[in-house]
Structures are given as C-alpha cells and as structure tokens.
Amino acid sequence: MSDLVTFGETMVRLSPPGQERLERASELEFRAAGAESNVAVNAGRLGLDTTWISKLPDSALGRKVTATVEAQGAEADVVWSDEGRQGTYYLEQASTPRPTNVIYDRANATVTTATPEELPTKRITAADAFYTSGITPALSDTLEETTADLLELAQDADTTTVFDVNYRSKLWEPSEARPVLESLFPDIDVLVTAVRDARTVLGLNGDAERVARDLAAEWGFETVVVTRGEEGALAWHAGDVIEQPVFEADTHDAVGTGDAFVGGFLARYLQGESVPVALEYAAAVAALKRTIPGDTALVTPDEVEGVLDRSDDGIAR
Amino acid sequence: MSDLVTFGETMVRLSPPGQERLERASELEFRAAGAESNVAVNAGRLGLDTTWISKLPDSALGRKVTATVEAQGAEADVVWSDEGRQGTYYLEQASTPRPTNVIYDRANATVTTATPEELPTKRITAADAFYTSGITPALSDTLEETTADLLELAQDADTTTVFDVNYRSKLWEPSEARPVLESLFPDIDVLVTAVRDARTVLGLNGDAERVARDLAAEWGFETVVVTRGEEGALAWHAGDVIEQPVFEADTHDAVGTGDAFVGGFLARYLQGESVPVALEYAAAVAALKRTIPGDTALVTPDEVEGVLDRSDDGIAR
Amino acid sequence: MSDLVTFGETMVRLSPPGQERLERASELEFRAAGAESNVAVNAGRLGLDTTWISKLPDSALGRKVTATVEAQGAEADVVWSDEGRQGTYYLEQASTPRPTNVIYDRANATVTTATPEELPTKRITAADAFYTSGITPALSDTLEETTADLLELAQDADTTTVFDVNYRSKLWEPSEARPVLESLFPDIDVLVTAVRDARTVLGLNGDAERVARDLAAEWGFETVVVTRGEEGALAWHAGDVIEQPVFEADTHDAVGTGDAFVGGFLARYLQGESVPVALEYAAAVAALKRTIPGDTALVTPDEVEGVLDRSDDGIAR
Amino acid sequence: MSDLVTFGETMVRLSPPGQERLERASELEFRAAGAESNVAVNAGRLGLDTTWISKLPDSALGRKVTATVEAQGAEADVVWSDEGRQGTYYLEQASTPRPTNVIYDRANATVTTATPEELPTKRITAADAFYTSGITPALSDTLEETTADLLELAQDADTTTVFDVNYRSKLWEPSEARPVLESLFPDIDVLVTAVRDARTVLGLNGDAERVARDLAAEWGFETVVVTRGEEGALAWHAGDVIEQPVFEADTHDAVGTGDAFVGGFLARYLQGESVPVALEYAAAVAALKRTIPGDTALVTPDEVEGVLDRSDDGIAR
Amino acid sequence: MSDLVTFGETMVRLSPPGQERLERASELEFRAAGAESNVAVNAGRLGLDTTWISKLPDSALGRKVTATVEAQGAEADVVWSDEGRQGTYYLEQASTPRPTNVIYDRANATVTTATPEELPTKRITAADAFYTSGITPALSDTLEETTADLLELAQDADTTTVFDVNYRSKLWEPSEARPVLESLFPDIDVLVTAVRDARTVLGLNGDAERVARDLAAEWGFETVVVTRGEEGALAWHAGDVIEQPVFEADTHDAVGTGDAFVGGFLARYLQGESVPVALEYAAAVAALKRTIPGDTALVTPDEVEGVLDRSDDGIAR
Amino acid sequence: MSDLVTFGETMVRLSPPGQERLERASELEFRAAGAESNVAVNAGRLGLDTTWISKLPDSALGRKVTATVEAQGAEADVVWSDEGRQGTYYLEQASTPRPTNVIYDRANATVTTATPEELPTKRITAADAFYTSGITPALSDTLEETTADLLELAQDADTTTVFDVNYRSKLWEPSEARPVLESLFPDIDVLVTAVRDARTVLGLNGDAERVARDLAAEWGFETVVVTRGEEGALAWHAGDVIEQPVFEADTHDAVGTGDAFVGGFLARYLQGESVPVALEYAAAVAALKRTIPGDTALVTPDEVEGVLDRSDDGIAR
C-alpha cells in the first residue's frame, strides 16, 4: 500500500548536450520523464511511499521508462502492451533570447489506450492519495474517460485526489480543455494550477489570490494551490490564503520545476503538515530542481532542509 | 538535372554507443538514414549527380534529415509539411549470439501522405534514372499509389527505373507484399532483390541464378541483381548471368550494406559501364560500408579503387 | 515474498572507455556491480521475483548502487549506515596479450560490518531461495560470521541455499578460504564452483565430473554445478552428471559471465525445470552477457529463447 | 543563380569542450567556420539563396568543410586542389577574466592560392550580391589581388558588393591593412565595420555616427554599417543614420556574432526591406547566435520573428 | 634543486559532467588533485622550479596522480608502496541553492603512512622553500608527526616554511586541530589562513587585520596572509598590513581557488617581490583559476599579466 | 644525465572516435605523438632514464605536446619558439578493406628550424645513447643537417647512436631518402629498419637475414635490427643473426608498434642484456602496444614480464 499513486504518460526525453541545436547534434541525452512519474519520484524521495502506474509498449523503450522511474526512487507498476508506441519528446535547452523548445512526438502512445479495467486500480483505492494532471485527459478520448473514472474511483475509496491543471497548448485548445477539466473538478480534493492557466483555460480573472478563492468557492476544493512562476505560489485552504515566495536559484534546467513543487508539497501535506509548511517545502524542492539536469528533483530530505535553513553555502568539505 | 533521383522515407536513427543496451543507455547517437537517401548519397559520392526527394515535417527533426543528406553529398529536395511526424528508428548494435535489433517508430510519418502532385516530379522525369524500394509502398496506402505513379511517370519519361525489393517483415506480411510488388514490376527496368526475399515474398525457388533468370523471364526486366549476403551477388543481363563474390570485410556496422551495393552498382551501371564492372564496384563499396558507422558508404572513388586494386594495406603514411 | 533473495557486496565500478589505460583516461564509466546483486538482476529479468539485501553508506555513492540495481529489475532492500565506505573497483578492459585488470578498493566497505540483526532477514526466511557467494565471507570476519548465520537461518526456514565459490585471489589465500568455505557447505543445497577453484582452493583432483561427484559425495549437496570456462559446464544432480557446452559468443565484456550463468540457471531451476533445461538456459544467458557492457545480463526471456532456438540471425527488422 | 555569393576562407575549428584548457583537453569539438561561409549560411537560412565559393584541399578535411556548410543550408561551390593545406583554428572558450583565445594555424592554406581564373566567377556575376571580408586580402598576396579582381568583376556585372572590414590583428598590422582595404573601397557598395576597426585601422575619429558619415562621404558607399559591440549598431544610408540597440542575450558562444549580424542584415536588405528593418533583424539574429555553439546562427525565420516580437518566453510546450 | 618543495596528499578526483548528480551519472571526469600538488603546479607554471613529494600506491591509480602532476608542470618525486590505497574524492558541482558537494574517500591512503625516513627529504633541505597545509597532519597520527618533522628539518636547513591552515571539517574537529596546528607554528615562516578558519579553529576574534596582527604577534611569523573569500585577502608583513581585493571572475569551478592564490603568491614572494606585488599576483591567479575546470590554475605568466593589466578583453584574434 | 636521449618531431594527433570518418566526425581525440618521443616514453617506462629534446611553438599546442610526453614518463627538454607552427596529423582508424589513413599537416613545423646550437646537446653528449629516426632528416634541409650534426656529436662523445630508418612515403621519395640516410650511416651504431624499407629505399635484396647481413657488412654497424611485420623481427649482432617471432595480439591501435619495439629493445639492450633477450622483450612490448589506444606503449615492466611468462590470462582479480 502506497502513500501516493500517480497515473499518466511518461515519455522518452531526447535532448542535445549543452545548448547545441537539435538539427546539428550528433548525440542526444536519453532520459525519461512525465509529470505524473516526476511527482511520484519527487515525493518518493522525500518520505512518501509512491507508485506510478501506466501502460507502456513492451519494448526496450518501455523498459527504459520503468528503469528510469525505479532508479530514482518510485515504484513503477505498468501494463505492458504490444499496441501503440512509446511517447517521446525532444527538448532543446536554450538561453535568452532563444526559448527552450519542446517537440512532442507522443501521438498514439501506448498509454492513450489505457482503461481502468487493465490498470492496477487497487493501488489507487488502497492509497492515501492519487495524483494525475490535465495532460492525461488531453492525450486521447480513452484517457479522458479513464482519468474521470480513476478520480471517481479514488473518491469513492476515500483516497485524496490531487490534480495539476498543467495546460499544454500543444495538446489542446483552451476551449477544448475547459469543459473536460471542469467535469473532473467535482472529484478533486486538491487542485494545483498556474495562475496563467487559470486565466487562459478556466476563464478566471483577478490576481492569484482571487483565482484561488474563486476556484475554492465554485468547486469546493479542500485546498487550491496557485503558482505564479518567479513570483512564488500561494494556497487557499480552509478559508485562508498563504503566500510563499520562491527561493533564489541559478537555473540549470527549468523543466520539471512545477512537478518538483507538487512533489515537495505532497511530501509534507500528505504527512499531515500544515499548508504553510508544505508550501515552503515545495518552494525549496522547486529551487533545487532548477539546478539539476533532467525532469526530476533528484534530491534528499537533507538537501531540502539545507535550503530551508539556508545553511548550505559554497563547497561542503 | 540529376543523373539519379530517389524517393522514399528517411528516418532519424538513434543508437546507443558501442554495444550498450538501449534500455540502459544514457545517450544515443543521432543520425538520419533511409534506403533511398542512402542510395542517393552513395551514388552521389561516386560520380553521379543525385537528388533525394521526399516529404518531411517542418521541424528541427526534418531539418536534421536534410542536413544529414546534404552533408554527405546528395541534394535533398523535400516538401515541408505540418502534418505527420518524423519517422524514427532505434538501432541496437550487437554481436553473436545477440542479434542487432531495430525498433521502428515510423507510423504516421509525414512521408506517408506524399502524393505525386506535391512532390517535385519534374526532377524524376528530367533524370536519367529513378530509384525507390519496396519499403516505400509498404508504408501507407497513399505511398503504395504514389510509388506506382512515380514509376509509371518515370517510365513514360524514359527515365530508367531501379527498384530494390527490400522486404521488411516488420512492415508487412509476404502475402501483402507480393501483389503490391508484382503490380509495380511492369514499370521497373532494373530489379534488385535478396535471394531470400525472392523466395519468401515472391515465391520463387531454386538458387540465385534460377531466381534471376525466372524474374527476368517473367517480367522482362532489363537487369536483375540478386544478392546473397556473404555468398556474394549475381546479375542477369541480356541473357547472361554474372557472379560477383564479396570482398572480405571486418564488419563494424552492417546496416546499409545493401544500399551501398546498389549505390555502387548504379554509379557504374548508369554511366554505361558493363554489368560485371558495375557488380565488382558494388561489391567493393559494400565491403567499405561495413567498416563505417552509420547507414551510408561515406567513401571516395579513390577508396573504392583501392579495394578493387587490393592496393591499400595497413596504414597509409 | 521473493522467489530469490541474495546478499553480498555491490561495488561502484569505474572503467576507462574502450581499451584506454586507467593511468591516462580522462573519464571513467560509472556503474555498480557485485556477484550477488548481479545474480538478483539476472534472475529477476528472467522470471523470478528477486531481492538483493545489503548494507550501504548513506551517500550518493550508496544511492548510485541501489538505483543501478533497481533500474535493472531487482529489488534492493538495504540498511543505510554512516559507518564504513562504498566499496569500489576499477576495471581496465584489454585484449590479448594484455589481461583485463581489476583494482579492488573495497577495504572497510560499509557492508563488511553487516550483521544478521540489522539485515532484513525475514526476506530470506520467507523466500524460496537464498544466494550468496564465497566473496562475502572473504570480506571481513564479521561477514564470515554473517554468511554462516544467514545460510543457517535460510536452512532452518526451508529456503533453498545456493552458493557460488567465486574464489578471489586478491581477497584471500586458498589456505584461508578452504576452511571457511567448508564450514559453510553443510548449510548449502546448491553449490556452484569453477573447476579451477575446486582444485586450487578446495584441493580436489580430476576432471570436472570427478570434482562434481566428489563434492556431492562429501557434502551431500542437492546439486553441484561445475563451470569450466570455454569448455562449458556440467552439473551433478541426483546421481547424474549433465554436460552443457557454451554457446558461441563474440565477447565484448566478459566480466559477470559467471553470475549470468548462475542467474540463468536459477531462473529455471527454482521454477522447477530439470537440471539439463536449467543448464542450457544458463549457458545461453552467459553467452548473451558476453555481448553486453557492464556486469549484468541485461536481457529479456525472448532474447534467451532466441539463443536457444538459434533463431536470431543478423539484423532483426 | 544565387541571391548572394560569398568568397573567403573557411577553416576547421577545434575547441575543447566547455571551458577546458586546450593544453589539457583530451578531445576537441570539430567544426568548420569562416566569416564568408558563416554569412552564406546565416543569410541562406533566412530566405536568400546563397552560395559560398572557395578553394580547398582535396582531402577529408576539405570535405569536412563543405559538408558543414551544406548541412547548414548554403551551397558550397569549391575548387579542389592538391596544393596547400586546410586552414585551422583552435578556439578556447573562457570567461572573465580569462579571454577566449584563438590560435590560428592558417598559413599556406589552399585558399591562399585561389585566383579568379579557377574560381566559379560566373556565380558572382549572375548573383544579386557578392560578399567578402577584410580577412580575405590579409591571407596572401594572391588573395589580395583576387579580392580586388572579384569585387571589380562584381561591380562590372551590377552585382551589389558587400564588404566587412573584419580586421584581424593576428594576420596583419593596421599600417599594412589600411592601404589594401582602401584600395578596395571604390568597388564596394555596402561597407560594414566595427567602430574599433574604423579607428585602429582606417584612422577615423569620433563616435560611430561620425565614422559612418565620414566613410560615406569619403568613399561614396551606398550604405555603411558600423557595429559597436554591446552598444549596438548604426547604419548610414542615403544621408540618414539609423541606430539599433542590441537585443539582450545570455551568451553561450560569442564567436560569429558579427557574421550573424551581417547575414541577418543582408537577408532583409537584399530583399528590398528598409535599412531600419534590416538592422533590427540583424540585431535579432546576432542575439540568437550568442546562444548557439559554433560560428553560425543556426536559426529559422520563425525564431528571429520570435525575438522581434519578444513573443517567445520560457519553455514552448 | 628546486625553488619550492611541497608535501601532502594528492587524491583522485571523480566528478559528474556538468551539474549532473553523482547518483545518476553514468560517467565521471577523472582528474587528480591535492592542496600541495596544486600549489606545486600553480607556482611551477609561474616561474618557480617546483617539486611535489609524497607516497603513493604502486598502481595505475598512483601513476594517474603523478602523470597528472607532471603533465601540468611540476616534478613529482614519490615513494611507491604496496601498502594503503589511493585517496579519492567525489566532487559534485552545483549552483544556488544546491551546494557543491565533496565526498572524501581518503581513509587509509598510502600517504598516511609516510615517514621522513622514506621521503626524499634532501629535496626539502636543498630547496628555497617548503610548503604543506593543515590537511596533512589531519590525515593520520603518522602524518602529524611527519609534518612536524619535515617543518623542523626545513627550518634547520634555512628553507623558508610556508603553511596553509586549510581546515577541513570532514577530517577533524576544531578542538583536535588547534593544538596540532599550534604545535607546528613555531617552525613556520609564512602562514596562510582563511579568516573563517582563524576564528573557528584558532579561536581568534576581530576582523582579518586583527587576526593577522594577532597571529604575527603571538607566533612571530615572517608573513601572515589572511583570505576572506569574495572580500579579498590581506597580508601582515614586517608590521604592515596590505589589503588586496579580488579580481572579478565568472566562476566555472571554484575548487582550488585558495591553492591558486597561494601558488601565485609564492611565485612572486619567493622570487623576492614585495608583499603587495605578490598579493596582487595571487589574486589574479585565483581569479583565473575560477574559470578553469579542475583544481589547478593551468595558466601562463602572460595570462596573469593580462589580468593585472586588465588588458585582455573579449576574444583575442 | 639520461640513459637515452631522443630528438625529433612530436605532432599533435587528432583522430575520430572509433571508426568514424574524419569527414563526418563532430569530435576528435586529441593526443600527441612522434617516433622519437614515443621511443623515449616507451623506454622510459621500462627502466631507462630518458629525455626527448625538440623545438616547439610557445603555445597551448606546444604545451600539450610536452604535457603528454611528461605525463607518460619521459622528460621533455624543448626549445620554445615563436616561429613556425605545431606539426599535426589526423589519423582515421579503419578495418579491412579500408586502410587506416593518416593526413600529415606538418609543413613548417617549428622543429624544422632546429639547429644544434639552440638544442640542449649536452644532454646528448652526457647520455649513454642517442636515438633519432629517418623521419627527422626528411622534414627540412635544416633538420637534415641537424640530424647529421647530432649523430656526429654523439659519436664523438661515445654516446651509442641508434637510428630507425622509418621511411615515410608522404615525406620524400626513395631516391631522395637513400643518399641522405646513407650519409648518416657512418655515425650510427645500431640500425633498425623494416625489411620493406631496406628494399624500397636502400635498394637491398633478399630476405631479412640477407638484408641484415648486407647492411652490417657494408656499413659496419654494431647491431642491425630488421622488422618484418607479422613475420617477426631479427637482429644481426657480432656475426650472429637472431630471429624473434611476434607475440600474438588482438590489435586495437597499430600506430606506434614499431616505436614500442624499439623502446622495448633499447630498454634491455642499453642495460647490457643480450640481443636475444632484448629482441624478445621488444616483441612483447610491441604486442602490448597493439592493445592500447594512442602511439605509445603505456605499460609497466610487470606487464611485459606477464607477456614473456605468458602468465597473464583472462581477468586478473
């Protein structure tokens, strides 16, 4: 029985070394990453017992994905299949004024056919919490249904449901996304959203606090976390709104910062810590993530404490 | 105006360094390759003016493909498109008893929607020769039609048509392949086939000479080339059958040996050399290919002459 | 509950790329390996549910070790400690007439202080089988005792005990090793030994069959497996001796061949297959291992079947 | 027929990875670059049909050069020769206070013997524009003459001539450079110069605007572009002086920024856009270049538009 | 006869490329470094004739160490031994808020058993100066004695003794370090200390000047150098205190900055330059070091002059 | 005072990894090598005190050369100069039927201007032996004279002179080489030549023994060593001819095998061992060399003994 189960797509990640252009690279770094396995890894390293469930092609590429997840500290419980393909994304890191660029190559991924019947749903109903994100229902009609079913199933089992809006403009339009997401909200306990997504996709107005209060009021969430990039995050919980600034970070790889935040938040929130404590922990994990290549916050609890204490400085020797 | 135009899919090729397993690799070599661009490159380096035509996604991955082809010495004239994806294959090199393994990830590639209307077909009708392979019609219904149309169009323009059966069991069954291939044969002047494919797919019996003679008799080809792996190749032409053994090679990367053979053959055959001369040249190019990483025979005419002369030995200094 | 639990040291493995000399290398490949985790990985990939137990330093180096084991398909259940250091070995691959060289740097490794009290011994008593090797008692006096205790504990719980003599001349002298090993034999069900070790360390004479029969007669083992390098292996079981030649292999990395053999053997033997079937399977896994960099046989059951069928040939595409 | 033809030396570029010192590096990045092929590539990617002409040794090194140019999107039309050698430069990237260092090893390069008679000068006379730089006449007496001849030939054919002063203190003294450069000015339509070179080499005084006006007045150029590093550029055209600040950039590799500026400028200027439009475009291309390893601005028109719109931000996904 | 002899431990240094985490790295950069060989190298490159003496295991790892020292410009005169092991450290570079982390694996290093009897002490007595650091006596009881003996021996031979406090909290506690260090002070001519170490370990109070004056007063040093990180350094000499700010540097690898400072200082101080001149030179060398990967200041005198002149700017070509 | 001093050119060596073609490589291995420094390194590692003298450009490239030589175990005593350039060669490793290819880029190397006046000739006159090869006089007229002068100087000082014919067809014609080499022979004590060079360049006939006897007879050498590639070597000494077969080797990098042979031979011959002993030792060193990347035999005396004993087998652990 896990503390946290997550469900979603994990892709192969291919990226040129340094800032080389994809078009000219002669070798690519080969990793695997996805919002839901990232959260499982991040929370799993920080004290929770976590499992990521999914559906993968029965191939060396699928095995690359599970090997990566398990090497980092989460359990992977996947359905192996001969249908579909391994979702892939190409990541080209850059610096101002060149934007970091992502090419998704995830159509027809094996996971897009995953149904509750074949997934290890007992993992979910036996868990304390279940997490997925707005990427999952965007991937296929089947996954839209599966996402709804899994959230409902979790709710029925009193498993806390956590959902990150995670809007991806390369997957769907705001007008497509909004009704799907809103149909899921009644089964969600903890909602995480970027303030930008709340505006673009959910049609909300006002500042982050306004957004958090409106979401809480309209949908009755237990907790709403709103992230604002460099301006920090805030959370609405039981009528209160708590602000959390970012910890300063010298960014090496920004991809996965949001998942680091969520993983850190849940590592505390699900262990009964207060929302302010969980938010601050989340911000520290997110700051550490930015210094680490790859999509996950490959850190230890001691390292997070070091950031919170601001005790680490320079070279430890 | 080119001496040789080729049409087909060129994929991104991703392979672990050395003999590392794909599942455990942390970086992949990043190349691009496909039978038809390989032949264009190979022949283009050995004296012909060659152009590869195709359809590619308008992305860094598509640009990787054209950059690779043009860097190696053929021209690339492609239609850029926003539909479809970049075909990809993963190659895991191995040694006895582990087979070198290929994972194709080429479904829904942009090229699968290519029609004669959008392709630069004037390139074909103005060329001396046109080459494609049995991979192309296997990729989609559209490409099955396009292949037929392009061969017919070439024939009508008195462009010599060259076709390599190149059967890929991961793409279609022999029973699917045979009628499609046979429907193309009337428009083909020069047929290349592995003796194994002739048996498995085309239902022919007997040794390679029998196969060559039967193919020539049934379909009226100008020339039939039959390859037999380590046992060398032979060609039927104007009633004669010419045998050509392989040149000894210490194999470093066997992928693309067949395309090297065809490229070398055409580099001579299309310049009016006799079939025995072209066959021997082809065998020399194929042997050189086996020493070179990647799918193409990145060689010079001088190097081929060195093999033919058996004049090169040890270290040249 | 696992099918197979193994206990022993897993070291960090540092090796220059290709055949570069350690003295001149500017980068080292960074892996982790040890006989007992190798066996857990190898058997775990081929159908058994396996767990490796050990004691590691609570550091990034210790985490490298568990990440490596878990990424490859076995579970790692380790005691984390602040005492001792991470055992390390440097491996310099070479070719004739230069021997592949190993520099062990494993003194005072954390594992050398492991006692039954702190290890998860319930894993062992609940398992079908327990495996360790002659390396373990050679590492420290504490481990000599621990090895004896764990084997006895397993025996008492009706867990099948499997032991590979695995003599390491850099760790102890034959005269030291013999009494220690012989004191363990009464608690061992399945003994594996190289014929060379049986002669040098255990003082046995005659050919491999003689050695197997003598060991069985003297110690009452259920099964004795004797390996002879290029000459293949044989096993004594229930009075019969079965011979198994090696499968031809083009060796890329020979380290870990013995552990691949044992992993393959146990994957069949512990599932109730006959000894000849298990031996042939073991030989196929060992041959595959030799083509793979690193200490483990990172293969799939299908690939082993391919070797047994001799069905794989050349490039699969 | 090309829109732009460039002529000059392209060298092999060898550089240690990261900031490693050349003296200690054990591997070098292997690229090819030169001001004139850089400009051909940069402009060729941004809408012009460009050709770089030169003379190269008939060797793998010479082929490395043409492969690099053609892979990046310009055509290379070179004279192959057995005389001379491949020019080379070693580049050691550094950061404050260590200067990025260049070691030229370009004496006796094959190109230093290039004469108009052997070069494909019809390319120049048929083109809209011809570009070379002050590096070319500095390389040899022959090239001093050839540069003069090619510019005259271009002028006679109504091909717009573009010239970048590009003073290299490792090639010649200001006192040598000035008369040579000034002898070329009468045949130049568009002059580009760093304000520093204008002072050091051409003996001009005052600020950049003064320099531009003085150059225009004295030599009757159609357009004069003066660059000032971090302070941006300006251009004199038809009596007006237009200022263009730099776009902010997080510099990864500063080499080739000037050529990116010129390539971007010409991509617009030669297509009839106004000077302010061309200058702004040039500044955007130069800013992008600074984020890209290697000497060229390996970008797309869309990416330049993104900078101009300031629309790209963070990670595109 | 050398100008400067140094004695101490040099370790193998293993570090992941870029900012990758050690736990996930698949290859490590392989260097060798230690305070005393760093100083020998740094001073040796800047005009002194320097020799590093030590004791190493007679293995490829030991040879890696001497090869590294000699390649960089100091002589290595070591005692080879079969006892002990090669000291090692793992270095994980990071950025804010993640601290650069060092894992020492140096227990039982061969050097820890080095005695004056076996070391080439004639090198010391014949030299102008002898340098060691507070790391050396911290490594073993034997080395505590050896350090004292060597300093005394040097003093007796009128060799100037230089000592850097170099406190390492991973090796010993302040309360252990203080009496040991203070017992050495009477035999030391030039003392270098970080102001932080002076406070933490030596129990001094006040600002850096106070610390320098107090040390000079209490122990009668010829010269005291106190470093303050980003705030620069100062030196007490003959009653005067000289301040030296840092030169601005864009840090690439901060490890070894202190040794670069000392090496630069001694390169001038031991050649009879004044303390202010030596301090400024030291600061320039330290700034250069921060731009260079590895522990040493792999620079030339010309490059140091460039920093002092502030004459180098941008790209030299 | 050294046992052996060598003089000649050492070049930078640039080679693609594995068997990649130079034309397509994106990185090159960066080493330094030359016959005479190779011999100094090889003999220096096997018991002699050796010094290589030469003239190098005062640049990072020149420092790369001395760093490489000194890291490997010979002393480098070079004249630094601002004239000339660093000699370079590109090496493309290949396998049958593709020849390993060398592109020399050594014209106008700094060493080509070296004169006895500026070289540290006291090193030679104080040494037991002096070695250079037929490459040296082929590099320039100045070096032709310098070679003659150094050999004469050595002879006058009773320093044993050793000379390897080392004919390089890319440097000169046999008809040019013969008179130059023969003019040096009167000052040579020990001549080494490939039998092929003896025939092609020196015009000798017959088998290797005939060649050795004829050379000894005509020029009065103390010892003549004739190498025959795979057929082994033989030596004429004091009227006797001793044959030495090769030791079997699995070749990884054949470049430098001849220098390994000479280095091994001199390591024994100059220490007074008999010619048969020295020849066998030479053959063992040459076999080891073939397993090692780079031009030198980076081995230890123990490893050579292992080959002579045929005692090393498989993996040492």
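We call the chains A, B, C, D, E and F, going by the order they appear; numbering starts again at 1 in every chain.
What we mean here is this: contacts are C-beta pairs under 8 Å (C-beta built on N, C-alpha and C of every residue); 3 or more make two chains touch, one makes a residue touch a chain.
Since we're looking at a predicted model, the values are computed, not measured.
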Third chains touching both chain D and chain C: A, B, E, F
Copies chain D and chain A - interface residue numbers shared by over half, same or different: different
Between the pairs A-C and D-F, the one where more C-beta pairs touch: D-F
Relative to chain C, chain with the most remote C-alpha centre: D
Gap in Å, rounded to a whole number, between the CA centres of chain E and chain A: 46
Whole-Å separation of chain centres (CA-atom averages), chain B against chain D: 39
Overlap residues in chain C, where contacts from two or more other chains coincide: 21, 23-24, 26, 67, 71-72, 101
Touch list for chain A against partner chain C, complex: 67-68, 70-73
Residues of chain E defined as touching chain D within the complex: 71-72, 247-250, 252, 284, 287-288, 291-294, 298-299, 303, 306-307, 310, 312-317
Sites on chain B touched by chain A in the complex: 14, 17, 21-31, 59-61, 63-64, 67, 85-86, 88, 90, 92, 101, 103, 105, 107-108
For the chain E and chain A complex, residues of the former touching the latter: 18-21, 23-24, 94-102, 104, 168-170, 254-255
